[in-house]
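Chain naming follows the written order as A, B, C, D, E and F, and within any one chain the residues start at number 1.
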Amino acid sequence: MKVPLTLLTVVSESLLKEELLQLMREEGATGFTVTQADGEGTREFRTTEWEGPNVRIETILTVATADRILERLSADYFESYAIIAWLTDVSVLRRNKFEA
Amino acid sequence: MGVRTLDQIVELLTQNLISPIVLAFVLGMVARAVRSDLEIPPALYQGLSIYLLLAIGLKGGVALAETPMSELIGPLSVTVVLGLITPISAYFLLSRFGKLQRIDAAATAAHYGSVSAVTFLAAIEATKNAGLEGNGYLPALVAVLEVPGIIVGLMLARQTRVGGMKAALHEVVAGKSIFLLIGGMMIGALCGPVKMESVAPLFVDPFKGVLCLFLLELGMLAAGRLRDLKKAGWRLVLLGCFIPLVHGLLGTSAGIFCGMAPGGAAVFGAMVGSASYIAAPAAVRIALPKASPGIYLTLSLGVTFPFNLAIGVPLFMGFAQLIAN
Amino acid sequence: MKVPLTLLTVVSESLLKEELLQLMREEGATGFTVTQADGEGTREFRTTEWEGPNVRIETILTVATADRILERLSADYFESYAIIAWLTDVSVLRRNKFEA
Amino acid sequence: MKVPLTLLTVVSESLLKEELLQLMREEGATGFTVTQADGEGTREFRTTEWEGPNVRIETILTVATADRILERLSADYFESYAIIAWLTDVSVLRRNKFEA
Amino acid sequence: MGVRTLDQIVELLTQNLISPIVLAFVLGMVARAVRSDLEIPPALYQGLSIYLLLAIGLKGGVALAETPMSELIGPLSVTVVLGLITPISAYFLLSRFGKLQRIDAAATAAHYGSVSAVTFLAAIEATKNAGLEGNGYLPALVAVLEVPGIIVGLMLARQTRVGGMKAALHEVVAGKSIFLLIGGMMIGALCGPVKMESVAPLFVDPFKGVLCLFLLELGMLAAGRLRDLKKAGWRLVLLGCFIPLVHGLLGTSAGIFCGMAPGGAAVFGAMVGSASYIAAPAAVRIALPKASPGIYLTLSLGVTFPFNLAIGVPLFMGFAQLIAN
Amino acid sequence: MGVRTLDQIVELLTQNLISPIVLAFVLGMVARAVRSDLEIPPALYQGLSIYLLLAIGLKGGVALAETPMSELIGPLSVTVVLGLITPISAYFLLSRFGKLQRIDAAATAAHYGSVSAVTFLAAIEATKNAGLEGNGYLPALVAVLEVPGIIVGLMLARQTRVGGMKAALHEVVAGKSIFLLIGGMMIGALCGPVKMESVAPLFVDPFKGVLCLFLLELGMLAAGRLRDLKKAGWRLVLLGCFIPLVHGLLGTSAGIFCGMAPGGAAVFGAMVGSASYIAAPAAVRIALPKASPGIYLTLSLGVTFPFNLAIGVPLFMGFAQLIAN
């Protein structure tokens, strides 16, 4: 039985990785998939060369959780850091796996 | 004698420029200039820096095991004092003459208060090539010099993010660069010269070659920063040469003063004059997200590092010899 | 002419990579994009440190094929292995490329 | 305020990376996230082993921009190169970030 | 004489602990303890293990080329026998005293039946440092010892996944660890000592240094396992020390019995006493997905490996010398 | 004397096959054949090739600094001429006897006109092992030979993509392989032998070992190509052996003719006979997207490289000695 959920994808400078995962855990994310990525955006200067490439974090969660995380990201990170986030509708088989 | 010294300095400058290390850096810059597709994969780059930091640590540890504590107290104190002073002088220069805002001046000052391990290594090579006597305990000073300047710099900003100072401190102290330096030093000190011989074919012999590869990458990164020089403006570029000069001569004098050999004092000067571009940027980015990386990275990596590599180091060597007499 | 299809994304411990690709081929997948990923989930212990990080497999296919694969994954892998799978609606230009 | 946009994902042999990014910039993409990927497709022979693995480019943009890029990709690259592209509907917080 | 031997053992223990290899492992554990951001990139880690395995193989191959077949038959047979016995004894201990379920006991037994190449290397270093005579053909025995224990372990579970046994076997035999060992051995044996000299500056000289880097990573991984010790319970932790002890003393005796030099027998004991954490986990995971990695990995990497590194190896050395007289 | 030379050639062939380099290549092929999970991580592979290219360059640069210009003019001119001729002869053979379409024939010809750095290295090793005298300036010729053949090949196709020729040229000239070769050469020439000594423990001593690791990977890649041999057909496979033979003998003769030592001429023959599989494929893919990589890669990497490694090189050595007398 497929159920609809939300996939939140966050790409940010890698220095923030642990902080962001912690934030997501706090809001109820139960798992993550993290890949390395290079990036180009609107910010002119970045330190990422030094701390390695960007991280790309994917986490599947309920819409409510996703919205809460997005709000906190927007409040605390969007202005000063190289970061971007988007939501996608997905379907999965085991809904209970994705609720804290 | 003043003339002979000038000659010596010119000679040292040329000698210094035509070396595998400096030329590898230049090659890296050329790679970017001609838009070559040359790239050092991140994993390799990380591997090279792990190797270099651990190797410096091991070597320093062995030397430390052979240095009596009494001989160390002077250099250690001087290092701490300079680590506290240099971010302040840098801050002053950057906000007064550089016309930077408080937060950018402080962020950049944190870099000048800390130290660049690669500048240290390049200076070690240069003094060795010039036949100057050095001091084995210097790597220990690198570890000591790395931290205080960053803290002072962040404090000067007076507006670190909530929890940012603590995070930055952890980033610095447990960050891989300090961790490997100190960890290597402990292993080296515990094992002593005889037991370390078995790992010398990896950690000692190929060291300079690895340094070349690292500088190749550094050249590419620095070239990426050069584009930002124009935005930084001539005031900052000038300061990026002036600050290391002042700090470097100060460090060299202090080194001679506390009993270092001429070569050791020159290396110490290069350390004090150098600007961090590994530990400091990470800490500053975490604690001061609003400071502009375009300023502090461009100055430390795009201006001060090449300046020290090409001009600073030979100058400090000449100066050390001069005042040592 | 854009046509709708389904993107199946599977993240699993990397040891399973060849098996999973084989399973997908059998069911009619015509291509894959595979990236390395780190992960964190609900399973407490994993061997992935030893076999390298997770793999993240993406394959675009028809809904029917995706459902068949999902069912086999669910039956044979979900219980014992560190694995997760989700479906996303996508559009592509060349439909025939994605049918076996 | 979440707004809907389009995520264009392109996977191609890595040799094309710079060309493709340039093309996207020309059409108005304002940022990219690039990961390394291995791939398997319908093309029998590829040179990718030599130039390293595939690249996987993600860029968030308006539907119109995405369509223009897709059209150019289709005209100039689909036939001769190992390349694939797909669109996904996503939502983001800052729409102005994604318009040139 | 018993007292002198005890002294010797204590001396060996200390000697052994203060070595670059052991300290690198400790440094890795510390890195995790202080939550350093130090990380060995996966690509580098894979590179190091490819290097180590190939290098052991090459060295073993050269030695093999110089060892008459008659001298090999004894050690080879003993190795196979121990590879068949040790998983059974481990299974017995783990299910009886460890109170593990059949599948977990069998999965873990497969690890103890196989061998850890790094323990082998650490033992080689330790015996060399202690000046004990070794046997050149030992790397060949590593390759031989790696496989049978895994098979016996999987058979003891009696519930491998459909097709799992075959997949696991392929994973073991064509897996990179055995493949590189045997491949290297063949190259070494075919080329012989003279031709191999040209690659010695890569595969021989820096070997111990590379081993240090590898152990740094291993320390980090082992530290990650330590958190699971509490869950494992004291019974299992105890067995993680007891099994290698029993197997190790058995292996050492068997080594002396079949004519190895004292150093060789000690290394052989360490091999027999060690638990695989590369080949076995992969095979077990494929064939026995329901067995808990939290048990077998924690025991082999979190308990038995450090135990052998710190205590097992010097003990086997002392014991080998004792019974060799 | 003809008989003695035949014996010599057979001897050289065997000698050549039983070497760490060739066997590492074979091991790589076996890895694929038994479907081992052995993989060289891409980052490592890139690191190895950066190392090899830079090291060849550095060594060549030092030699260049010691070679009078007058001695170079002959070999340089011959190299350029052969770089212009060989793609044409290859094109002719491939379209006439290989029955390839214009675009595929031209694409493949570009590969035969260029040079494979690893074949060059294998030839250098083989001549050294055989005790033949070489010429220090050869690495410089590798850099020179790499470019013209590709250009001629692309021109023969007469249908490069819009802007493709320019892009391809940039890819070749600023591509990392040429860039590192020439960059290394400049550093080596500027620093000279004395200053380069400090980096020799990295760039000289472990060189052959690194070459082995690289050939391990190359063996795996070549094995991946072997599956395509059947599709390519016997005509092409035959040409993949015949073209390097013709070009190689031509190159060897030309080498002797312009004054190279026998070993140098044999290496030069191997260079001329080799087909590029790094610089050329990238350039061809960019400029001639419609040409089939399945043809040009299979021929250059799957057929010609192993042919030269196993048969070509020893043959050219025998031939060089023969005509040198």
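Please note the rule applied: contacts are C-beta pairs under 8 Å (C-beta built on N, C-alpha and C of every residue); 3 or more make two chains touch, one makes a residue touch a chain.
The structure presented is a predicted model; accordingly, all values stated were derived computationally and were not measured.
Each chain gets a centre from the mean of its Cα atoms; the one farthest from the centre of subunit E is D. Averaged C-alpha coordinates give centres for subunit C and subunit D that are 20 Å from one another. Centre-to-centre, using mean CA coordinates, subunit C is 41 Å away from subunit F.
Counting partner chains per residue, subunit E has residues 41-44, 46-47, 205-206 touching two or more of them.
Residue positions of subunit D touching 2 or more other chains, listed in rising order: 35-36, 88-89. The chain pairs satisfying the stated touch condition come to A-B, A-C, A-D, B-E, B-F, C-D, C-E, D-F, E-F.
Interface residues of subunit A, counted against subunit D in their complex, comprise 11, 35-42, 54, 56, 70, 74, 78, 84-89.
Looking at the complex, you find that subunit F touches subunit D at residues 42, 46, 167, 221, 224, 228, 277-278, 281-282, 285-286, 289-290, 292-294, 297-298. Across the complex, subunit E meets subunit B through its residues 18-20, 23-24, 27, 30-31, 34-44, 47, 125, 129, 205-206, 208-210, 212-213, 216.
By the touch rule above, subunit D contacts subunit A in their complex via residues 2, 5, 7, 21, 30-36, 60, 88-94, 97. Within the complex formed with subunit E, the residues of subunit C that make contact are 13, 15, 19, 36, 44-47, 49-53, 80-81.
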